[in-house]
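Some structures to go through are shown next.
Both of the next two complexes hold chain A, though its partner changes from chain B to chain C.
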Partner chain A sequence: MSKPKVAFFDFASCEGCQLQVVNLEEAILDVLALVDIVSFREAMKEHSDDYDIAIIEGSIARPIDIDRIKKIREQASILITIGACAHLGGVQRLGNQWDAEANKVEVYERHPGSEITKGDSNPYFAQIKHRAVSEIVKVDAAIPGCPIDSDEFGKVLVALLTGKKLPIPDYPVCVECKKNENICVFETGGFCMGPVARAGCGAPCPTHGGECEACRGYVDHPHTQAHAEVLKKYGLSPNEIMTKRTMYNYRDFEDKGGD
Partner chain B sequence: MSEININVEHLTRVEGHGNIVLNAKDGTVEFVQWQVSEAPRFFESFVRGRPYNELSHITSRICGICSIGHSLASLKATEAAMDIQISEQTQILRRLAIHAENLQSHVLHVGYLVAPDLLGAPSVVPLASSHTDAVLKIVGLHRLANEFSNLICGRTVHPVSLVVGGFSHIPSEKQLKEIRQKWVDAIPDVVAVGEIVLAHAHKLPNFVRETEFIGLVADDEYAIYDGDIGSTDGGRWPVAEYEGITNEFVVPHSTAKYTKHKRESYMVGALARFNLNYEKMGPLAKEWAGKFGLQPVNHNPFMNNVAQLVEIVHSIEDTLALIDKLLEKGVNVNERPKYEVKAGRGVGAVDVPRGILFHDYTYDDKGVCVKANCIIPTNQNHNNINLDFQAIAPTLLDLPEKEIELTLEMLVRAYDPCISCSTHYLDVQWKR
Partner chain C sequence: MKIISKQDFDAFINALIQDESLDVEGVKAKGDKFVFGPLDSATELRLDYDVTILPPKKYYLPQYETMMHFDISTGKATAPAMDTKKVIVGVHPYDLIAIQQMDKYFFDTNVDDIYLQKRKNSLLIGVMPAKASEKAFYGDLMKDAGTPELHFDLMITDLGVLYAILPGTPEGAELLQRATSRDAQPQEIEAAKNKRQEAIDRATRGLKVGPKAWHSLLSNNYMSSVWKEMSDQCLACGSCTLVCPTCFCYDVNDEVGLDLNTGVRTRTWDGCLLRDFTKVAPGEIFREDIVERYRHRINRKGKYLPDAMGFVACVGCGRCSSACIPDIADPVNLINKLAEATMDTIPDANVGHVPEKSDLGIVASDSLYIPRTATIRRMMKLTKTETFFEIGLDDGQPLGHVPGQFVEVSIYGVGEAPISVSSPPGGNTFQIIVRNVGDLTNKLHSLSEGDKIGIRGPFGTGFDTEDMKGKNILFIGGGLGIVPMRSLIKYVLNNRADYGKVMILYGCKDPSELLFKDEIAQWENTPGVEMHRTVDTCAEGESWDGQVGVITTIMPMVTFDPLNTIAVVVGPPIMYRFVNRDLLNMGMPEENIIVSLERRMKCGVGKCGHCQINGIYVCKEGPVFNYKDIKDEPEAFQ
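The block that comes next holds the complex of A and B.
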């Protein structure tokens, strides 16, 4: 039996998640034992449109990007997203609080030549709103994180190929943080999204003196109300709570019609 | 009558999306252009309203490969805006952070992205069976550079430990000694990879177009973390005056902004740093520059690949010296930043794998960002790439289409563009 053919595609993103695949180092040879990579623009010149599995990084921003992702979905029998941009819309989703023209004014208007960015006449600059891939086409598996964890990428790929349950946890980051024997971020004066954020990353941020920013999104049933009360107890204003919750999860507020 | 139409859509082995278009008729180039089609993400717009201590985490996401550099430029801008001083330990650790990123980025570029062109392979994948030993050495060096990044920054892609005023997590003396020894042990592998590149370096086109090189300069070191803006055309400016150098402008064929200084374009990156700071390189790095005949000021953009290799050697030499300095004064793993939040505007610049990088923020008195500007290395190179195209294309027309295409692709790749930074990418279209 021939190996499934895998192609990588990127949209609006930093390409750090594809880099995390490269960062598998020698273990990428184990991946190559399971699949044939037929397209990986960041690392290979070879390209084929004959693929079974499409792996997508990046948020979908423009009409030209919507057309491209729909064509990819038609070809692929399995579509996997990697990273927070494809999964949630990425940090760039914060830009959706303004309309595209207002963003273009802020970024381009002070420079000579900026008139060509206005409106939709140039497709590179047309109608820019950042969306998660699942808002445009069906997604078979989403590997969360900003960036993805290289090992989790390998495990999800194996699970998909062998028909096993996806090994993506549905418990909060606090569980992994406690396993690392960290002192709770709230106890050290910080503010953390760990109680509602989806684990699987191994809690690198609180382990290195940072705070969880929920880049992997929330668990399936997050206790957001209880979390908001904890944040309030430790002195965050409603505005600051909103800031904490929107960095990666602005989508929630858009879906509810708020901002 | 002969007609050549090249259109490479979404160039490969670069980070981001770019297209190469070349139309020629009867031996004359009618149109040649480097296009950047990456979807804009508007960082400068959406960081408005975000708190100062989030800025480096958000702007790190501009680029996965240069995330350490973006974090540091961001932190320096915030610290300049709020008059925050940092300790000597932080200064040294941040230089190590840049070396770690330089090492992983340059090894990736020279080993995974450029070596296939030199060895006549489409990618590193077939090289794994044809040049197994070399590939394993490259992978080993890449792994070590990532281990180094993890140690200093908490994570290689999107660092965690780099925070306003210093570090939130500091490696122990034992860990620093261990990583130091690993770099000492890695030198023979660097030399072996260098010898392979040297044996194939004659395949790099001998193409010279005079341009201006811009980068950080300092009196006492090969500048990467601190310094003024320097130019090979002469002149030295404080980083706060960057706008007088970058002069950003918008063109219809690129969502990334273009820049120019006194000439039509300028170049940033490893070759620019080499041209500006060669005298301050380590002895082994200079020896390797000599083997390739690389001397300042070199105007062949293809030699940026060689400059990166020479910088790999320099980064290891300087890493060993910096770790020695840290160990000599003793490492305080409990040192944490102290500062007061206040209103102000600040500019931060660092010189990262692809060149000089500027972040410029204005904060209100609560430390909320109200204005931001980020000028990315690859953006500063797009204009120079486009002008290189115009100069090199007429000299290539007698070659078979495949070779023209390969040369143009190699030219773009030599700049190690990370177009996702600039906003993404490369596509060559052939039209007949």
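The block that comes next holds the complex of A and C.
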């Protein structure tokens, strides 16, 4: 069996997820034994348009992105997204609260330093509402997280190559947090999205004293109402609850008809 | 009882830490809470703690535990290497009780060798609590259920400037010889006793119904509106089960390395509050509503395990209430709420909350989890989705099953699945019929004759062929239900003289799903066998000479004396309700109806908890049940 050819592509993102792949370090050699990487801007100069597996980072932010992702989909037999930007639209999706055109004016015409871009009709500046990749083309596997977890990247690759279901759990982050024997963020005056967020990350944020922001999206059936009650009980205002919820999951808000 | 000064105690602990053959774990501070963890020095040890975030169950059933290492190319699995012997310092009595309960559970029927090995390879040093957490109520429990005989190697009581230490086992006494100590004087023994009483008195929270009466309270209130009222606030986060010292449920996963060849089969804590806990391949979830899951947990503690094991599976540690953010998991609050509605509860004298002292001398026979290797001898595609496999164990032994039992089929790197044995007993090979619906079943379908797989079992209870002797037998099979039934049909036909009239009713979705066409033709032509088949639907132009309609439409086609006939009913969950209703209407006594039920399974041996129907473990007590015995379990035919 010849090794499948893999190409990486980035859209609107910080490239942190690709960096996580580079961070596989020694394990990258094992990955290279499984697949040929033919295009990976973060780690190599060469580029090829002959690939079987496309790995996509980033959200769809401009009209030209739509054409590009559709072309990639046509070429790839398997399309994998990596990270919250591609999976959910990323934090940048919060920009969807405003009109796309108004955002463009704000960034390229009004913002300090925009003198040189003002009035430019460059298609790179054109804006649409931010979209996740799966809202434009079919996605075969979405590796969630901001950034992705290198181990999970390896596990998903193994599952795809051996024809198994993706090893991405459908229980909340609290499960992994409890297994780590953490003090719950709610007990130390914080507010946590863990009860509705999809696990699989190993709960690094509460484990290191932070709050979970649900960067991996929600479980399939989040108990959102009960969770909102808890946030309220612990002292968050409705606005603050909304801010917590939408940070990474503005997609969910829009999907439910928010806007 | 021995007395030891605090300095000498520290020296004792430090000496244990220095001993390379021991791994000394004890209670340490974590922020303003406490956890069990490896001790670097005696000064870290906090015997004045109230409660730890996780119970010491993590040493015996770790959060993530390797069950075996496997190599896919050689088809071999090996047990993980033995850990260094552990000394666990500072276990409170309620956690000791929980460990005794765990022993009873993991040693029951099928001894869990992985658990046993960890358990034998450790010493427990208990301590009388000097503080109680705000949520603890072990005092309430002990006052009702009596002060127990605890299993510990050493038990420490803080007497102020001195520690009193009581050895509980010869190993404990031997360990204590490493310390400088003297015998306790009568007033010191008395002081230790008082400390114990103080500890019990401190941990009381006004529980209105004692644990001995929980069974009765919960039975009376299964349909109470309190469950829904509480569970509406539930996050389904699973925390209440994960932190509980008496929740033992686990999930099993295969992890394969990037070499696509070597890997580990692991188990990890699971819990009945999580949505996937009862999910089976076609997507059905047996406890889908959160209220069912919420109710299950408390019933398991107060009713199901008392029924099965004789102990109330709550030790009053209060961890679940501390962990539950909406604060709905507290057993005291819940029991008191239910008690408001019904106070007329009857205590059950046979239920305690501490099982007898654990017998660690017990020996596990074989590895409970490492499968035997087997070879696929013959494969035959039966329908679009079902394939027939004939399998031989590589050790040449017959499987030794009875009709109705199942095996766990294992493929390293993919996992395991429970599959019914479809051939009658006897012979050096056995047969299974598998529908491809998910990871394991798909992989199985991609294999070829001569390929190796793993087999555990046979497991479960089969059909009672003795009891059926002399009676007419009415087989009613729906869909894949014919698969386990075929083992019994063939057995009965092989022993024809022992049984009366044989009637077989078989229904499936459409003609293309009909299994065993040739055998069915044979059965139809066997004298003394009456056979009827039906399909739910038959497309235009498809050839079909049976009936059309659901299975209940062909039931009136057979006549029999209901008092002298045994009905064997196997099919999808929905079928039972209608078929059983019609059988009862025909005048068949409840005890003449035999069913075989399916639930999500992982371990197959009564440990992982997935297959529970209320308190019944289907893998162990079933899958074959007498309808009379199971009909009152609310979850059985819902």
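Everything that follows uses one rule, which is that the second predicted complex is superposed on the first by the 245 of 259 C-alpha atoms of A that agree within 3 Å, B and C clash if a C-alpha of one lies under 4 Å from a C-alpha of the other, contacts with A are read in each partner's own complex, and residues count from 1 in each chain.
The working rule: contacts are C-beta pairs under 8 Å (C-beta built on N, C-alpha and C of every residue); 3 or more make two chains touch, one makes a residue touch a chain.
A quick note: this is a predicted structure, and the numbers were derived from the prediction, not measured.
Asker: Would chain B and chain C fit next to each other on chain A once aligned, or clash?
Answerer: They fit: once the shared chain is superposed, the two partners occupy separate space.
Asker: Between chain B (first) and chain C (second), which does A:227 come into contact with in this model arrangement: first, second, both, or neither?
Answerer: The second partner, chain C, only.
Asker: To the nearest 10 degrees, give me the chain B-chain A-chain C angle using C-alpha centres.
Answerer: 130
Asker: Is it chain B or chain C that touches the larger share of residues in chain A?
Answerer: Counting residues of chain A touched by each partner, the higher count goes to B.
Asker: Between chain B and chain C, whom does A:127 touch in the aligned arrangement: first, second, both, or neither?
Answerer: The answer is neither, since A:127 touches no partner chain.
Asker: If we overlay the two complexes on their shared chain A, which of chain B and chain C does A:164 touch? Say first, second, both or neither.
Answerer: second
Asker: Using only CA atoms and the superposition described at the top, report the least gap between chain B and chain C in Å.
Answerer: Closest C-alpha pair between chain B and chain C: 8 Å.
Asker: Can you list the residues of chain A that touch chain B in one structure and chain C in the other?
Answerer: none
Asker: Hey, which residues of chain B end up touching chain A in the complex?
Answerer: Those residues of chain B that touch chain A are 10-17, 37-51, 54, 57-58, 61-65, 67, 108, 112-113, 116, 122-125, 128, 136, 139, 142-143, 146, 154-158, 160-161, 163, 167-169, 248-252, 254-255, 257, 418, 420-421, 424-425.
Asker: Applying the document's contact rule, which stretches of chain C touch chain A when the two form their complex?
Answerer: 30-33, 35, 53-54, 58, 63-64, 232-239, 242-243, 253, 255-260, 268-269, 271, 274-276, 290, 323, 325-326, 413-414, 438-439, 442-443, 446
Asker: For the complex, which residues does chain A have touching chain C?
Answerer: Going through chain A, the ones touching chain C are 27, 30-31, 33-34, 154-155, 157-158, 161-165, 167, 170-172, 174-175, 178-184, 186, 188, 194-196, 219-221, 223, 226-227, 229-230, 233.
Asker: For the complex, which residues does chain A have touching chain B?
Answerer: 10-20, 22-23, 25-26, 29, 32, 37, 40-47, 58, 61-62, 65, 90-92, 94-95, 97-98, 102-104, 106-108, 111-114, 116-117, 122, 124-125, 128, 130, 146-147, 204-205, 207-210, 213, 240, 243, 247
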